[in-house]
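In the two assemblies presented below, chain A is common to both, partnered first by chain B and then by chain C.
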Partner chain A sequence: MSGLDIDGHAGIDSPIHRWDPRAKIASILILIFSVVMVESISVALLGLALSVAILLASRLPLREVARRVRWPVIFLLPIFFILPFTGGGERTVVISTVDLSLDGIFLGSLILTRGVAAVILAYPLFATSPFNITVQAMRGLKMPEVTAQIFLFTYRYLFLLREEMISIEKSLASKSFAKKTDLRTARVIGTALGMLFVRSYERSERIYRAMVSRGYEGTLPSTVKFEMKGGDWAKSFAVTGAALMLQIIDFASTQGVII
Partner chain B sequence: MNGLLRGDGAVKILGRKVEEDNLPWVRSRVGMVFQDPDDQLFMPNLREDVAFGPLNLGRSGPEMEKDVSWALEAVGLEDLEGKSPHRLSFGQKKRAALATVLSMRPEVLVMDEPTSNLDPKSKRAVVSLIRALQDSGTTIITATHDVNIVTLMADEILLLDKRVVGYGPAREILDRREVLDGLGLEVPILVDLFHSLRGCCGHHHFHETPITKEEAVEGLKKILG
Partner chain C sequence: MVHISDGVLSPPILAGGFLLAGAMILLTLRDVKAEEVPKISLITAAIFVASLVHFPVGPTSVHLVMNGLAGILLGKRAFASVAVALTLQAVLFQHGGISVIGVNAVNMGIPALLAWQIFEGRRGLTSPKREVVFGAVAGGFAVLGATLILSAELLILGEAFNEIAALVLAAHVPIMLIETAVIGLAAGFLQSVKPEMLIRARGSGHGGA
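Showing the complex of A and B:
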């Protein structure tokens, strides 16, 4: 399975997969916002535990999620390592000859925990329904038509774009082209990308013609019907309730009521 | 032919001139199948793609479902209706592209190279589908370089080389070897064979060059006595 295939595991049966996609998107988004807004590290850890619980409930293969979560986490790590040196504040920890800011360590861990929790939640959010259903659900949540179409077409043609790039690369390789760090390589890659751009542009015109000749007038018709059942409401209340709880506990802990 | 490209002159569809005002009408009658199926399949899954046209024509409910299922069955892809286009093979995509237009039940079907890049089995499937559509009364206009499929389905041929080079019944055009050669086209294999037979053996058993297998068998029977 390729890295682009976000909905490859949409066919699994789990409570998250069975959840009405509109309610799922709205509730998990609320939880994500709640998690990234908490100020206290212990509440953030609670948020992380919640995200992991939801991920486990979704029965998505953990190995694969871990493989994908890796990249955003790599971007968060520098913050975690830099802040202890630049965080300032009066409280410091001295390790051999280096002064580490305690505030920096806390802030770095907070940002890392919140980030990882949010990234983990993106998987139950997007990988548990076929992508078109996710987009239809977003439409149901009043996302503008144009945005929905951009999402759908991006998803549809991303694969083709990658195939075309791979075939260009193969063609370069079969003409004995080897990537080096020199001007010629930059020029060749630049030309190849330009080629890809021109091809995509021409393709977009052909697609538009194909759409118009089948009666397209600006909106994509949809036959998908959603229906909220009792279980959907229960899951939504549970997740939004958890989001609210995080905020309440966070407010209380920053006011010094707890901890 | 359905108002996508503008030029000089006029195009008439089912007796009516194609104009700005009647484009929706024209597009509901004339189905276009493009050469590259990836241009044609833009929806996230096959069934939605096949339903795109009928929904735009204002059809809905069981009527639309019926058209969609019929089109998918006609091209033999009913089992793959939930797949997204990037998971289909090229031959499947090509047939899927045809289904997306068939579901609109067009009276005129325009196809650009419907058999290009297809394996022999898929090619046969497409040709027999086209013939079945012809039998059910659909007008089919096909642009192709594959002269051997032409003998299987064409009534009339229009030879183009920037302008019209020849126009007439299939049999007549396919017999004009020098014109086909001049355009860089192949001569259909049967026509080629019988031209050679005529040349070498001086057989005059047949006035017309056979273009179908059945005619060729008859012709050979005559030659063999």
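Showing the complex of A and C:
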């Protein structure tokens, strides 16, 4: 399954890759929240431009981005197309015989722009460090120990279980099983999932005993030391400053000060 | 597809989602023991993988949600499990989004706890079919609950979203029916193969911890 390994391009050298992971996570998260909160379409477009700038600075492969943006766009498009009919308001655009709500068109475009900008930002946020470093950085940002461990272990097991699921699907296919919309398919899938769960449960017991025998007592030793340097502060100020600027311009434009 | 994307909901809902999800995670993981961590993680991974399974519905297909199964396997730990699975789905596949992790965790995690409570209803019954029946009801209600919460959040956004909320509800009817069948059958399978995996029915004398 492609896409499971978020950190395949963590080895590239770029300003985003070199950024202290804690500062990177905190700063880009702040920018994401700032972008999804803006109310003006022009400010949302500015946020989209900032997202693309950070993406380009990260030197991550752009065709990956296209694949990642696809899902949210599929989800957001129905909203984009329905709102012009349901948006209401005084102002309308008449296209042949249909009255479209201008407010609805604006709201739909705003939602789509904010959504795409946030998704684009999430890619350099998580793809520029190995996943375990990201989780270590989250611990540095006060994520509780247990939650951090569940993240690390779950991510590790995803690859194992994906293999397991593929092998179950292969064995079903070799017995000429084809999915249909019927109860028999539900029964086969239910049993296959049950099998996946039994195998993983037994595996989790073995894993726990193996971990205990290696000295696991509920905490994982931290293997990395983070250190903020001058450049880290500069990038963090630039990105959080941009997030703040978006909010100020947005406030000004919704108050009618500027358009 | 129950996950809402980035950019739709209003800031108060986003903030409320994070606050509630954070509080629920702290509350449901408070007394967690070290030996539970690998089990929670593995079941979380299994639920993630199971939710990638596509089920055909006429010409299209839907993917499973599986928050109900988390409930009947993990009990109160299901909330954190669902929250982690959703975060990873947002990070790895952009299903949902970063700013809505809190909201989505609440939307799916609370119904997962509901599924656990429904599944507990089987205690005291002696029918050999009780796991199938209660598992099915738990699985169906978990999806129904998640869909209703999401629709309510869309309705809060304003009248313009009424039709979108209705569309979301309608789109989830087939998923609800499929999860009812699949989770009921999976629960029946687990009861006959590895009953100690299902969350223990209190006071029934069946199953382990």
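Quick note on the criterion: the second predicted complex is superposed on the first by the 258 of 259 C-alpha atoms of A that agree within 3 Å, B and C clash if a C-alpha of one lies under 4 Å from a C-alpha of the other, contacts with A are read in each partner's own complex, and residues count from 1 in each chain.
Assume a contact is a pair of C-beta atoms (placed from the backbone, for glycine too) under 8 Å apart; a residue touches a chain by one contact, two chains touch by 3 or more.
Given the structure is predicted, the values throughout are model-derived calculations rather than measurements.
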item: Which superposed partner A:Ile150 touches (first chain B, second chain C, both, neither); value: second
item: Touching partner for A:Gly194 - first (chain B), second (chain C), both, neither; value: second
item: Chain B versus chain C as contact partner of A:Phe237, first or second or both or neither; value: neither
item: Partner chain(s) touched by A:Gly218 [first = chain B, second = chain C, both, neither]; value: second
item: Partner chain(s) touched by A:Arg203 [first = chain B, second = chain C, both, neither]; value: both
item: Which of chain B and chain C A:Val36 touches, first, second, both or neither; value: second
item: More chain A residues in contact [chain B versus chain C]; value: C
item: Which of chain B and chain C A:Leu183 touches, first, second, both or neither; value: second
item: Shared chain A surface residues [contacts with chain B and with chain C]; value: 152-153, 155-157, 160, 203, 207, 211, 216-217
item: Contacting residues of chain A [partner chain C, same complex]; value: 1, 3-4, 6, 29, 32-33, 36-37, 68-69, 71-72, 75-76, 78-79, 82-83, 85-88, 101, 103-104, 107, 110-119, 121-122, 125-126, 144, 146-147, 149-158, 160-162, 164-165, 179-181, 183, 185-187, 189-191, 193-198, 200-201, 203-205, 207-208, 211, 216-218
item: Partner chain B, residues of chain A touching it in the complex; value: 130-132, 135, 152-153, 155-157, 159-160, 203, 206-207, 209-217, 220-223
item: In the complex, chain B residues that touch chain A; value: 2, 4, 24, 27-28, 30-32, 34, 36, 38-40, 42-45, 48, 51-53, 55-57, 64, 84-86, 100-101, 104
item: Contact footprint of chain A on chain C as seen in their complex; value: 1, 3-8, 11, 14, 25-26, 29, 32-35, 37-46, 48-50, 52-58, 69, 73, 80-81, 84-85, 87-88, 90-95, 97-99, 159-164, 167, 178, 181-186, 188-190, 193-194, 197
